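Two complexes come next, and they have one chain in common, chain A, joined by chain B in the first and chain C in the second.
So, the complex of A and B:
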């Protein structure tokens, strides 16, 4: 089933949680809503579920307007960050709940309910926990039960609100892979909210980057990472260093170096900020006019790369650079040494644009 | 406390050692206080009640007027507790699980009986339903008597006891949050399912706790009931009012015998309360 979000806005008092948001989700897609806390991603998910009523705009399921439909009738599977299992019910009854509350005419027989619940528990590999209570389970187990419970009503859409947010790193990684596998098997249209970019990149078909109630960019994981549409996306997805520079007719001048900036070939002598990933910075011990001097504050070896933390002499800003291990060994860099930095590759955003707008 | 803990250890330790007798002294003071103001009077009630022997005690309790007072007390509680149970659950559910305008006003109103003197609560009903009051004459024309009659006593009891259940449930429901209800609705549950299958089972011990406190107060209430009762023996006297009358008439054995019934109620309440409290604590976790 497809989901369309059309021009949805939502305020909580004076706080604007969603600002004219529109989004299309294809049938069978697994989409991640990625953004910092307070960005509105959870509100968007809750509006789709019907738990929040938008101030304006509409939600379409399969091109049918469901904005006014009751939550009960939307047939949406929802998984909460803190599981929200019914604490006084056994695991079995938790999973059976959605079937037991159906109107009498649609309610399966006890035998059919039992069969279905056992099947779902087997699917999440926890059928041996059927008689336990939620508080007797680990976080990872609870979340799998929550998923089984959501699946019991055969939803047409699965929504997950920070599903792995409350779990420790190892369990989180396991569940992530498991969710991805499950999705590949059944192709249920799914939307999940996360603030963890690694999680979004690993699991999702498409990523929707949300910030301050607006959608900054929508795209496949690689596309979003390689071609960030806005400064915000650039900064949010991984570490980044900012260099001031000027752009004229597609050529950027940054720290005395000339870099191509074909996307800005219309600009004439415009102030621009270069966004440079740590691994796109050249580090040299030779003084040069086309590089800025910086002092090495820290060097941390991370497997095959070494991360340097440096302080620029001209601005006093902290710069983070990553160089290959053998290059680091070859340069014989020591703590407190002065080195010379130059961006090798950068993405430019013109200064006239506000730092997080899409006009860059 | 925090200020003390923030002090460097070197400052706290020697002082703590020097005043090692303090815990013993504090416990002693607390015990003496409890003995003087709690245990001694409680003991006195039973001592006085039984001073003239079991026969007098049994006679005092079995007296027709005493029996009528007990029945009226039970009747008032039997109406007030269920009424406040319904109101308390409804109010707590609305306050804890929904947002609506006027919520803070409702919370304040629930606390009103706690902040108003019981005598004033009684007077309010006299002013509204009494013969000189707003609706009294109209009701009297239809042959309905509220003040100085059983309905007045029930009304006053309901008023005085209505915060107990709501007050117990609101913080518990708020601590449990709305997510389980949201999950239930997403799974297709209607409001009825929510109440009976999710919300109430989650707060059952808190609810029982509120009922116990509400019942204890309903049976023991004196001030408000005294104003609206009119003290008609065998008709409009509750147990606390009956005790006062006996006492004023110097029938100490009878007064203390009836008082001992209320004291037993209090003790039973305490035991139940302690037991239920441990269950409530369990509901709050997870």
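So, the complex of A and C:
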């Protein structure tokens, strides 16, 4: 089932959680809503679910307006960060809940319920826990049960609110691979909320970056990482260094070096900020006019790369650079040494430009 | 003993602490209760039976326990409602209402009794209209006793349910609704079972208080033999007639009945908590 979010706004008192948000989700897609806490991503998910009523705008399921429908009637599976399992019911009864509360005419027989629950418990590989109570399960197991419970009502959409947020790193990794596999088997339209970019990149078909109640960018994981639409997306997805520079007719001048900036063809002598990833910085021991001097504060070896923390001499800013282990060994860099930095690749955002938040 | 071998406790000297605990409980609880028992034993079995099966005594016991149970049940329902409103809805003056709940608990019982009697008496503010329009007599009838017992029992339910309700995650309700449960189903199948242990505790406390209540009841009860005479008053009456053994035999019956009821409630509570987390 496709989901359309059309011009949705939502306020909580004076706090604007969503500001005219529009979003299309294709049938069978697995979409991640990615953003920092308080960005409105959970509110967006809850509006889609019907747990929050938007102040304006509408939600369409399969091109049908469902904005006024109650959550009970939307047929969505919702998975909560803290599982929200019913602790006075056994695992079996938890999964069966959605079937047992159906109106008498639509309620399956006890036998059919039993069959279905067992099938779902097998799907999440926990059928041996049917008679336990939620508190006897680990976090990862509880979340799998929560997923089975949501699936029991055969939802047309699966919505997950930070589903792995309360789990430890190892279980989280296992579970998100498992979720991805499950999605590849069944292709149920799914939306999940996360603040963890790694999680979003690993699991989702498409990523929606949300910030301050607005959608910053929508795109495939690689696309979002390689071509961030806004400074926010650039900074949110990984570490970044900022260099001041000027742009004139598609050529940027950054700390004495000329870099191509074709996206800013029209700008004439405009002030711009260069966003440079740590691995896009050249580190050299030779003094040069086209590089800035910096002192090495720290060097941390991370597997095949070495992360350098440096202080720029001209501005006093801290710069983070990553260079291959071989190059680091070849340069024989020591603590406190002065080296010369130059950005190899950068993405420029003009100082005066308004945030291009609606760009998709 | 297993407990004695437990590694470093915060409280030093486990044996001493246990000894003091037992001594204290014996002095405060056990000895007075057994004194009542021993006094009763001065009677022969037949005399004891004759005392407690006297129609007037039986009527008073029936009234005391019956009214206490009904009052506790009323409080369980409306106490839950009050707690729900106090926890879930922010409204102006909530703190005042919250403080008001404790009033029946803090008020001297005689004050409550006089106040209730004044209001529900046939010429009182509420008693008069009730009598005139519904022909309903409240003060000086068993109904008046019920009113008084309900009044003093309310805080027990509210104060035991309130903290549990505050901890109740809204996500549980949202989860139930996203699975298609109506509001009524969500309440009956998710909220009520979760609150059941606390509600039972509140019920038990309100009941225990109501059975033993004396001060607020005797004014409004009218104390007519066979009709509106409560068991504690029976005990007083017998004491005033220097019938100590008779008084304690009524006391022993009350003791046994209270104990049996509280035991039953505790068992029910234990059952409703069977899923409780071990670390909670």
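Everything that follows uses one rule, which is that the second predicted complex is superposed on the first by the 353 of 360 C-alpha atoms of A that agree within 3 Å, B and C clash if a C-alpha of one lies under 4 Å from a C-alpha of the other, contacts with A are read in each partner's own complex, and residues count from 1 in each chain.
Methods note: a residue touches a chain if its C-beta (ideal position, glycine included) is under 8 Å from a C-beta of that chain, and two chains touch if they have at least 3 such contacts.
Note that the structure is predicted; figures quoted are calculated from it, not measured.
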Answer with clash or fit: chain B and chain C placed together on chain A by superposition.
clash
Quick one: is A:84 in contact with chain B, with chain C, with both, or with neither? Answer first, second, both or neither.
both
Per the contact definition in the header, classify A:264: touching chain B only (first), chain C only (second), both, or neither.
neither
Let me test your reading of the model: by the given contact rule, A:153 touches which partner, first (chain B), second (chain C), both or neither?
both
Contacts of A:102 with chain B and chain C, given as first, second, both or neither:
both
For A:176, is the partner it touches chain B (first), chain C (second), both, or none of the two (neither)?
neither
Please report the chain A residues shared by its interface with chain B and its interface with chain C.
49, 51, 71-72, 74-78, 80, 82, 84-89, 97-98, 101-102, 134-135, 146, 149-150, 152-153
The residues of chain C that touch chain A in their complex are 169, 171-172, 174-182, 185, 189-190, 193-194, 196, 272, 275-278
Could you list, by residue number, the parts of chain A that touch chain C in their complex?
49-51, 70-72, 74-78, 80, 82, 84-89, 97-98, 101-102, 133-135, 146, 149-150, 152-153
Chain B to chain A touching residues, read off their complex:
179-180, 182-190, 193, 197-198, 201-202, 285-286
Where on chain A is chain B touching in the complex?
49, 51, 71-78, 80, 82, 84-89, 97-98, 101-102, 134-135, 146, 149-150, 152-153
